[in-house]
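Each of the next two complexes has subunit A plus one more chain, namely subunit B in the first and subunit C in the second.
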Partner chain A sequence: MGSGWEFYLTLLLVYLGVDIIACLGLNIQLGLAGIMDFAFIIFQAVGAYVYAIFTLGPANGPGQGAGGQSYLWGTSLPFPLPYILATVAGVILAFFCAAVVLPRLRGDYEAMAFLVISLIATGIATNQVGIFNGANGLYGIPQPLSGVLNLPTLSYDWFYVGLTAVICVLAWLVTRRITTSPMGRLLRAVRENEQAARALGKDATRARMFAFLVGGGLAGLSGAVLVAFVTAWAPASWGYAESFVYITAIVVGGFGNDIGILIGVLLVPILFGELVRFLPAYGRSTWIGAAQLMVYGLLTLLFLWFRPQGLIPERRQRYAGGGEPSLRAGGTPSAPSAPSAPSAGRIRARLGPVGRLR
Partner chain B sequence: MNPFIQYVGFGIVTAAILAIAAVGFTLQYAVTNVLNLAYGAIMSIGALAAYAANSAGASIWLALVAGAASSAVVSVVLSRAVFEPFRRRGLQMFGMVIVTIALDLFISNGLLILAGSNPFSYNAQAGGTYHFVHMIFTGEQLAVIGIALVAMVGVRVVLQWTRLGRAMRATAADENLARVCGINTQLVKDAAWLLSGALCGVAGVVLGLSVSGWTVSTGDGLLITVVAAAIVGGIGQPYGAILGALLLGVATSLVGGFFNSSYTDITAFTILILFLIFRPTGLFSGVVKRRDVVV
Partner chain C sequence: MTGDALLVVSHISRSFGGVQAVADASMTISRGESLGLIGPNGAGKSTVLGMVAGALVPDSGSIRFDGEEIAGMPSHKVGSRGLIRTFQISSEFPRLTVLQNLLVALPGQRGEQVWGLIRGRGAWQAEEERAIARARELLARFRLAEMESEYAGNLSGGQRRLLEVARALMAGPKLLLLDEPTAGVHPKMVGELREQLRTLREEGLPMLMIEHELGIVEEVCQRVVVMARGHVIAEGGLAEVRALPEVKEAYVAG
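Let's look at the complex of A and B:
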């Protein structure tokens, strides 16, 4: 038994961590705020690129950077800084995308605008070679603390798994703090019925914007964690379909709760993604990637039909006082005693997602 | 030879393909209210069916009919088997768009596995080149433009002068009102899927005719440009879609010719995003009301 399986295991664990951080971010956008972010992967991509250009050596001009690559800046910053900058980059890019899309578009058009933004980003990164080395992408990206620790490769990989776990926990604490805060409550309200939230004087657009920026920041962080381990990053790593992988994970696991996200990540990119990889690769080379995307598309359709709430449904929110009737779309009505209710304790009407009585 | 005029000529060929697809897309979205991102994959199915017929010995015209028919059938089957059931049940918080994009990934990657990524080309005898107001067209390109013109006139006739066309326009304008007036909207929707699917298949075949080699991903690659043409023209406006197709076809061709050919797609995407931001209802406001798509 060689140590090959151990390298594979560390790789899988880092992937798991990266996917958890990313899905926590996407869940703030999609699960909590209900934004169909089909551009999610570009925030991960920008985080990875920013990590790369702030750790690679100086770029003295086109083709003059480390390994003859072309990129911007190139400042070998020490350990935690590139991660922070990657997160900031995710937030900034998310801000520009959100400022363009969120105040104006809704529904199908919102989703499509994000899809188009993702395609434009891929086109620019591929064709503008000077920014991130174009279609070839960046490689030889330094790993954090590898010079300081001086560990053999496998030990360093395990060290990095630990680092990923720590960042995962940090990301989880941040999202936990948001979902349980008044802001989390407002976001759920906006998701369920934006008009009602607005009527109560809440700034729905600002709340959605906030959720989008947090999601973008976590995506940027996940990109940095990923690229520091795999040490290469190119436009082929972040096609628009990659956003769909994370969306599938959330659909499968169940939006709106952490356990669902964890299970979604374990099942979709890790289990199904890797299982497909082990299928006999007969015939064509493009087979595996195509089969993975086929599986994800099918999983999404099946889950949306048979179990739209995901494997672990969102828990009903309970608030102190408990006297208010809960007007949640699709939820069971629970109204202890609204004074004007016809028969005590029973309200038959429910608010649907568009605020119509069903 | 003036390169500007020649690029405009190339743009018109692209616009002809786009127009066929965009008119189908705009009709589909307006009548059925499904933003169908699997449209590109269905285009590829039509192109593949036509290729199968063509390589079995059928002439390119017969292959065109085969492509149109198979895309039409696939469209109706998908609407009955997937889109309509989802619409009836309602999606908890995700829009219909996630269903169509999931379906698109499923179909297009399935096609990739089945047919591989090698390029195909049709066996069509269209020799010679033709000059027309300083523009040079090949026989294939002229055929593409001709097919587009015939398709446009056909759509015009159906929509304007038949009972079905009137029922379609009524359903697009207000489905409930149409049903109250005694229109069988389910039947009208099926007809819309059939007609738009046929246009989609024709677009897939002419797309294959216009390039030297096409793959099963070519249709998907054109999808967003088709959507762009439909949205620029205003959803539910066939003439708008034709104008949008002309605008996008010529603009992308000019950018590709004078600037850099790898920027053709980005040009189309940028035009789309600008329209989504500043005028989401398109040049001519069609059936998509502002309240449906904007805050």
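Let's look at the complex of A and C:
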């Protein structure tokens, strides 16, 4: 086995990590809160761009940055600041998009609004050379700590795989904290029946906004992780169709389930995406990209038809202390896992009406 | 108005396109009182309830709850002030368990705040355990305890209505708004629901109830308001308004 395979493997592993971070974020938006974010990819894109302009050297004027590229700002910030700023940029962009879409639009209209936002973003980034060097994009983006570590290329790649894994775990911890909390429950409730959640006094728009910002931040982070490894970023990397790749991963793996997301990412962008590369050459050179999208589209259709809950559906949460029905006879259930909980079967001396006016 | 009025609806109107759904309707609920809102289909009852609950904005008029003007206030703000409604169509959270349906309803949870999330489970664990205990009490009372880990969407129609009332109680209502609680419920379950509503009345929970089943209205409500074609046409005890010729006529015409 030549080292070519190892380069390929490290690239795949970094892609896997990037896709996991992104899908964890998208799952908060789509799986948990039910927001049809067809603009998801632009939050990854802005993270990548922000990482780039905060690591590339200063640009004193148009066409005067690193390698004669035109871009805003330009400053060589040390690791890990560019990653943090990329995350913040994802949150900020998500805030503006959410402010336009979330308070008013729902369902199909929401999805359409996000799709056109994605198209507008591509149009601006492609045609405004002064922002992120237009259609040519940015290249020669510095890799984190490469100057400090001074490793041979392949060793550095393995180091970066490790860094990606650490960021993945952090992202997972953040999303886990949300999905297992009362906030996660509220978001599911809003997804299921927003009107009913509002009638219970819950600010559904605020909850949806929160989910959207978390998703945007994770997308921005995933963009930074990606661009720091591949060192180049252009509008062609984040066409609106890329959002559907992640949506397919979540549809296949299962809405609202961490393991499902991991499996979805392994299957959709990684396994199916890479298998297509080994198809015999056919027609134009753009065939592979087109074939990948066709495969993703087909997968989405098949799953929506035959298994809309995905491979691993959302888990039903059971609470400790539910006990056997017989223990609750008399209508005085024992308190769950509270320190003073009486042992099962013991009757508590607490009778009378149990309503609000107890 | 008098100091013991909980809800004062004065002269509210609302039209949809060219249809005047509610015209100049007024009604008052005192503390501890339950009011029945009855009338033929299309009388504007649900529109009144929707305006009180913040789901609809009145074109004109005023709605005061506990001394505060709430007309046009968004529904979650109305809800957080203790005005909790149920819906004409079952509106459980289907892919949440029965217990979770109730847990969501608890107001002011720290675990729903960003700061609570940052601080982690320690910030909301104790609150959550109290909420679970309270929710289980309510489920036991509504005879849903054995279903607590079942998806709410898997319950029968009647059980869903019971769940919805239990969930509303979990929110700690000061006034419960019920929109046809027995619509589409199997007669056997209607008895169960009726018993629960009667108990709530005995406990003194104020209610505003839209209901076609007049037997239930009689048991649960001290007073009724009759609406027809958007107007309030009568008000008083059920037996007394039933005898009025204009009420009889409205029902026949409706």
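Things worth noting here:
Operating definition for what follows: the second predicted complex is superposed on the first by the 318 of 358 C-alpha atoms of A that agree within 3 Å, B and C clash if a C-alpha of one lies under 4 Å from a C-alpha of the other, contacts with A are read in each partner's own complex, and residues count from 1 in each chain.
Assume contacts are C-beta pairs under 8 Å (C-beta built on N, C-alpha and C of every residue); 3 or more make two chains touch, one makes a residue touch a chain.
The structure presented is a predicted model; accordingly, all values stated were derived computationally and were not measured.
By the document's definition of touching, of the two partners only subunit B reaches A:123; subunit C does not. By the document's definition of touching, of the two partners only subunit B reaches A:104; subunit C does not. In the superposed pair of complexes, A:316 makes contact with subunit C only, with no contact to subunit B. By the document's definition of touching, of the two partners only subunit C reaches A:193; subunit B does not. When both complexes are overlaid on chain A, the residue A:298 reaches subunit B alone and has no touch with subunit C. In the superposition on chain A, A:181 makes contact with subunit C only, not with subunit B.
Comparing which residues of subunit A touch subunit B with which touch subunit C, the overlap comprises 353.
Contacts from subunit A toward subunit B in the complex involve residues 34, 36, 38, 100-101, 103-109, 111-113, 115-117, 119-120, 123-124, 126-127, 191, 205, 241, 244, 247-248, 251, 255, 283-284, 286-287, 289-291, 293-294, 296-298, 300-301, 304-305, 308-309, 329-330, 353.
Looking at the complex, you find that subunit C touches subunit A at residues 53, 55, 74-81, 84-85, 87, 91-97, 99-101, 103-105, 107, 109-114, 116-117, 120-121, 124, 128-130, 132-133, 136-141, 145-146, 148-149, 151, 167-169, 171-173, 199-200, 203-205.
The touching residues of subunit A, counted against subunit C in their complex, run 177-178, 181-183, 185-186, 188-189, 192-193, 195-204, 207, 210, 314, 316-319, 321-322, 325, 328, 331-333, 335-338, 353-357.
Within the complex, the subunit B residues that touch subunit A are 35, 37, 82, 85-86, 89-99, 101-106, 109-110, 112-113, 116-117, 224, 227, 260, 262-263, 265-266, 269-270, 272-273, 276-277, 280, 292-295.
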